[in-house]
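Structures incoming, each one as structure tokens.
One chain, subunit A, appears in both complexes that follow, with subunit B as partner in the first and subunit C in the second.
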Partner chain A sequence: MQLFLQQSVNGLLLGGMFALISIGLSLMFGIMKVANFAYGALYMLGGYAAFWASNLLGVPNWVAILVAFAAAFMMGALMEGLGFAKFRGNEEATLIFGLGVALIARGGAVLAWGSQSRFIPFSFNTYRIGGLVLPAARIWACVASLAIVAGVYFVVNRTAWGRIIRAVSDNAERARLVGFNTRLHYLLTAGLATGLAGTASVLLIPVFSLSPAVDDSALYTAMAVVILGGLGSIPGCIVGGLVLGIVTAFAFGYLPSPIAPAIPLLLLILTLAFKPDGLFGSAERAV
Partner chain B sequence: MSHFEDLSRRRFLTSGAQAIAGVSVIGGLGGWAFEAQAAPPDFLMASGKIGFGTILPLSGGFTVVSQPWIHAIKYAIDEQNASGGIKIKGKAYQVENPVGDEQYSAQGGLTAFHRLAADKVHYSGGYVSVEAPAAVQGINEQEDHLIVLGITGKDLCLTRNKLRFYEYALAQATGPYMADYAYSVLGKRRVGSIELANTWGEDFYFSFANTFEKLGGKMVARSYLQPNQSDFSSQISDMVAKNVDALYIIMGDGPASAVALQARSGGLGTDIPILAQGAWGPEMYLDAQGKATMDGAIYPGVVAYTQWSDKHQKLNDKLYKDTKLYLNNWFWHGYDSTKIVLWAMEQAQSLDPKEVIAAIPTVVEKRSGELMIKPSGAIATKDKGVYLKIPMTIGRFNAKADFAKEPALVAVREAKYQGFPGWMPESWPGYTANPSDKAIDWYPTMDALTAMRG
Partner chain C sequence: MISDGTRDFPRIVNLDRLGIAALAIGLAVAPLVLSNTYQLNVLVLMVINAILATGLAIVVRAGRLSLAQATFGGIGGYTTGVMTTKFSIAFWLALPAGALLAAAIGVLLGLTSLRLRGFYFAIATFTFSQLAIVVLRAWTPVTGGMSGMFGLPHPTGFLGFDFSDPRQYYYLVLAVLLVAELVYYACSVSTAFGRGLTVLGEDEVLATTLGVPATRYRLLAFALSSGIGGIGGSFNAHFIQGVSPADIAPIVSVFVVIMVLAGGAKTVVGPILGAIILTAVPELLRASAQWSMVFYGIFLLLYVYLFRDGLLPVLKSACHRVAGNRTINGSSPKTATVLPASLGAAKAAPRPDKAPKSPNGESIISFDRVGCSFGALQVLRDIDWSVKSGCINGLIGPNGAGKTTFFNVLNGVTPASEGTVLWQGTRVVPVPNEMVRRGMSRTFQHARVFENHTVAASILMAAEFSKREVSNSHLKWLIAFFNLQDAALLPGRALTHYERRLTSIAMAMASNPAVLLLDEPLAGLDDTETRQLSRMIATLQQETGNTILMIEHKLSEVMELCEALTVLDHGQIIASGAPRDVAKNPAVIEAYLGNE
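So, the complex of A and B:
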């Protein structure tokens, strides 16, 4: 029973972290209708920005998070300005552009920084409550995840800017005719989305460490959560993350190791087969 | 009227003779051409130099740990070239070292190998993934190409291959000593393990487990590590629930760092020792968290890894200047083994890989004192190539060491685990049997090993 409870906690914490990784991609899907295959690369680069700020400049961890956000924001805005804006409407070109950026980023990171794992010292305490083991780093990441997702939801649904970007998402041409600067709002949205990815990276370094190879796992995780939760759905991001986290934790905790990795994939396949819009895809308005 | 009705017997015989003569000439020419192609190749590159290639990851996984290995091979070749190259039958040849990107994959390894073969390179070392050498083996014999391998695995280095020089310790030889140390010295009884899901990981698991369980210990939690896996919390929690008192990580580099990090924060504190296999080295201890998480990890390395001499200092300084990295186990994979092959060319007075590999045991016996890994000879098998007899030492990683001036691995106190044989005895049936032969004891216990050695 103790192990069952522990695996449940593991799953919830993992799910919270999955949601954190995915919120930026969900935003890009929801507002910009863009499948950004460089998302994982920007997640990785944001982490490195924070790592180098922390190690070379000795900045406190909260400043390192801001550095990661800013660096990833700028990179995302640049990608939008130089690439996604030009290829809007052309899905193949958008996909290839994203993949190309991802390849260059990964190769460049390996050449520049090597491929060994890096860490940022955060709290490495472990709390024990009634026999349950609760790593502090994971708890902090989950709390941050909930706060960030709630923040994004608030911004998108309750602020003036949120109304604007939803209008742009619904019909960009009409929004432009009404006088909104759609180009600017796309830039801000892309920057925000990738900035969130960079932030997620920093918060998860104490859990997963950082290397150029994290871009793949970040992208696959984000894609899986977004597919599960529903393209562009922020509540779906949380629920999808939690579901994926729990399924993953129980699969690896109770099934033979060779079979366990297949279970989350099976979940995705079933979702695509029976509810291709995701858990919250069609029931909820996008974002 | 048909054409054939005009054909007289005379014309028929004349035409037939001409046809036969023509076929004979063409056949003769073709035979000569075929004969020319089948003549033994000269084993030199188009540049007139000897090619000794390196196939290691330049992209993909394990790029940081492969850099010392890549440079080790290069340094060995540079030293040989600086001393005049390889002298064969009165002529001196310089050695070129083309580098191919293995990409830590079978496909990458194969592509790199074919490029080397096309450039008439007949020697290569490296091959760090299990998949790459597995893909190349067999093809290397067809191409008259000697491969120098160091990654253990029953299905990998114990298959038939006459042109394979295996330069490192076999898991079957080191695993029992690790198990014995964990049980007898550390007093551990319940080991949890996580291994890379391939033949390499399996070899280390069974070679450890069989001895550990024979001694009275238990392997209470066995799990696998998938290449793209980043979260290990479930597996760690399972180990915590099963009260493991030691964690055996059969994997190196980034994934091992992640496992160790999550183990320490997931309930396996620093009182639970880490037993390590694979690519572990100073690169994992370069920052504060790496030091805190993995300091003291127990690891079997070549003897040279635990020592420090002027030569170590020179090599370390050079490596750091070139790569910003320090000597690690993978450096010792490439440095002396390359020298052995180059010297074997001179010993054999030939560049034919078949003759060179046959000369390796003699070279090792004659020149062991010049090698830093201090091998005890080499075992020449009938059809599985040559195995270097390399002594190993169990040590503890000292994260507080100054890697610029001292070894990262400190030998344990007990003499039994210092300089122990990293090779299987000559009488071991594994040197002749098919790896799929279930009648063979592929993972003998420490007692069985000791009995075999006599």
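So, the complex of A and C:
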């Protein structure tokens, strides 16, 4: 029972953090219809921007988070401007472009900064309630995750700018004809999406630490969450994150550790094979 | 007329052969020039990469980007590794077992490709390769876990060969590469299977509609591709005498993808070229793993910005420029398909084949209470209908009435949710390629043609894919009938809208169908073209005696052409019969003009 409760809590917390990792990717899918294979790389670079700002300039942590957002925002916008805009509608070219950027960033990061793990000094306690272990770093990451996902949902669905980007997403040609600067809005959306990845990266440094290798795990986690939750659906991010988090936590809690990592992978592969619209996606979307 | 364009082909073919000969000689003499152990090791690695890349190119050709080729290599390597060390089975017996296992698992992965494409499929293969790593790590007693297996034996020598010598090993894998390359050649342009696979990768819907059996072809492609991968992996494992989970890391698969794309996925020797360049350059630069990664990344960006068809076509056109060959009609030589002599030479005046008739006098195709719905949305309901044989039938109705779905149910693109489809009075479950074989073909609202294949080649392929008896005279007649002589050697992407439309109809007619379905053939044409094409459709029906069913919005043409008319509204038939009677029907008038 104790194990069950602990793994439930771990799963929920992990799920919240997974949602945080994937919100930017989900936004890119939903609005820009782009599968950005460099998402993990930008996530990692955002983390490093914060790390160096904190380490070299000694800025407070909240400033470091802003630095990460700004750095990742600019890189995302740059990728949109130089690449995705050019290859829009060509899925293969988009995929390859992202992959190329990711390889350069990954190799470059190891060459420039080494492959050791880095930390930013956050001071977090670990709470214990009746035998349950609750690390504050994870709780705060989850709170931030919920706030960010809710914020993105609000911006996309309830604000004037959200309406514009939805219009651009729906039919860029028409949006341009009625006078919207679609290029600018694409740049802003791409920047916002990767900026959120950078932010997530910093918030999760106390949990997962920071090294060039986080790009793969971030990309992969984000892709898995986005697929499980239904491509491009913002609330789906939370759903996908929680499903993946809980499945992962229980697999690791109850199965021998060499086998446990297979379970989330199986979940994803079966979802892809049988319900590619996501676990709760409707059949109508496929039409 | 047609034969004019073929004049400058021989020289181009010669240059191709020259290039392949140079590559073959280069590969054959390389170990004589580069002879120290390090260089020989790099050469062997290069050829093994070329084997993996050549295998992968088969599925890339079929339109799927797989991120699991190194995993299939790993399956091969682990299988032969376990069999030779744990069970003392000879390498040469273990090798086919590894290849078969890789092929079988490849087919399983291929099954997901039937539904998934692009990004989704890439992620599925990526997940699969992660899963393989987890399994191999966890299964320690057999696979050696994290550290893998080591001390694998070299393949046993025969005929005086000793495969512990890297130079002899090089020639061994080179021979394997040659076999892999021949298989790939059969999967590209030299067989009906290869041509079918190629167009499947370019336009799945059109290929299937013309008769390519997508499922079977794609699964076979996966079996061959992963089987070749498994063989490459075995030879790698028994060369470096070890295999570990690091060999199948996703990044290795990504490198293989880059080799295929960089060399030219649509070319026959491109993958080999890609493997050579991308193995040799990091070695020449003495690059670390990180620098190699950066180099591969830069290479990908160059690829995506500068040479999207791969390096080989770039190299080729440069050679052609040096040799003074001009490209054909502004298209690159690789895409222009030589018009076979059988089509080019005009002996007798070409004549169309007569369309086959329904044997027992039954209506050729009919619906019995057919319905079709997507989730809660019912597009067609309770349709009882049969075509009037040997004339032009019209299918009209307001936008969204369900006309295209009607076609999709007829040829099996969309299955009917209720009711039955009857072909010559017998119940059938339509599947696109089977319906073509039976004698029904169709066109699409947006004129679909093969962008990279010439009009003549597309018509020939359409006849071939249908697997129906069609005379050469019929195909020649089609080109003349649709006035496509001048465009015959142009690739699809160079055609005007009108030519695309004509080509798409000619392709559908290439199987000499008993029933031809035309989805808005006159859409987007100007007045002159509309008049020309509607006259052609009428003549086409008279000359071949086939049955035509056309969806069309241009009502004056419909009234003139059709002998029988069916009107669809909100998924139901609201009127049918002779055009003149239908036009007077109050329900039809209401559907078109609205209720005042």
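Following the convention adopted for this analysis, the second predicted complex is superposed on the first by the 278 of 287 C-alpha atoms of A that agree within 3 Å, B and C clash if a C-alpha of one lies under 4 Å from a C-alpha of the other, contacts with A are read in each partner's own complex, and residues count from 1 in each chain.
The definition used in the following text is that a contact is a pair of C-beta atoms (placed from the backbone, for glycine too) under 8 Å apart; a residue touches a chain by one contact, two chains touch by 3 or more.
Every value quoted in this text rests on a predicted model; they were computed, and no experiment measured them.
Clashing of subunit B with subunit C is the outcome of superposition onto subunit A. In the superposition on chain A, A:110 makes contact with both subunit B and subunit C.
When both complexes are overlaid on chain A, the residue A:258 reaches subunit B and subunit C alike. Of the two partner chains placed by superposition, only subunit B is touched by A:209; subunit C is not.
Once the two complexes are laid over each other on the shared chain, residue contacts for A:97 go to subunit C alone; subunit B is not touched.
By the touch criterion stated above, A:161 is placed in contact with neither subunit B nor subunit C. In the superposition on chain A, A:273 makes contact with subunit C only, while subunit B stays out of contact range. When both complexes are overlaid on chain A, the residue A:127 reaches neither subunit B nor subunit C. Touching of subunit A by both subunit B and subunit C, each in its own complex, is seen for residues 107, 110, 216, 220, 258, 261. Residues 59, 61-65, 67, 197, 222-224, 226, 228-235, 237-238, 240-241, 253-254, 257-258, 261-262, 264-267, 269, 283-284, 286-290, 292, 324-325 of subunit B are the ones that touch subunit A when the two sit in their complex. Remark: subunit A residues 35, 83, 87, 91-93, 95-97, 99-108, 110-111, 216, 220, 223-224, 227, 256, 258-259, 261-262, 265-266, 268-269, 272-273, 276, 282-284, 287 touch subunit C in the complex. By the touch criterion stated above, subunit C contacts subunit A in their complex at residues 65, 111-112, 115-116, 118-120, 122-124, 126-128, 130-131, 134-135, 137-138, 140, 145, 250, 254, 261, 289-301, 303-304, 308, 374-377.
Only residues 2-3, 6-7, 10, 13-14, 55, 107, 110, 114-121, 124, 126, 133, 135-138, 206-209, 211, 213-214, 216-217, 220, 248-253, 257-258, 261 of subunit A touch subunit B when the two sit together in their complex.
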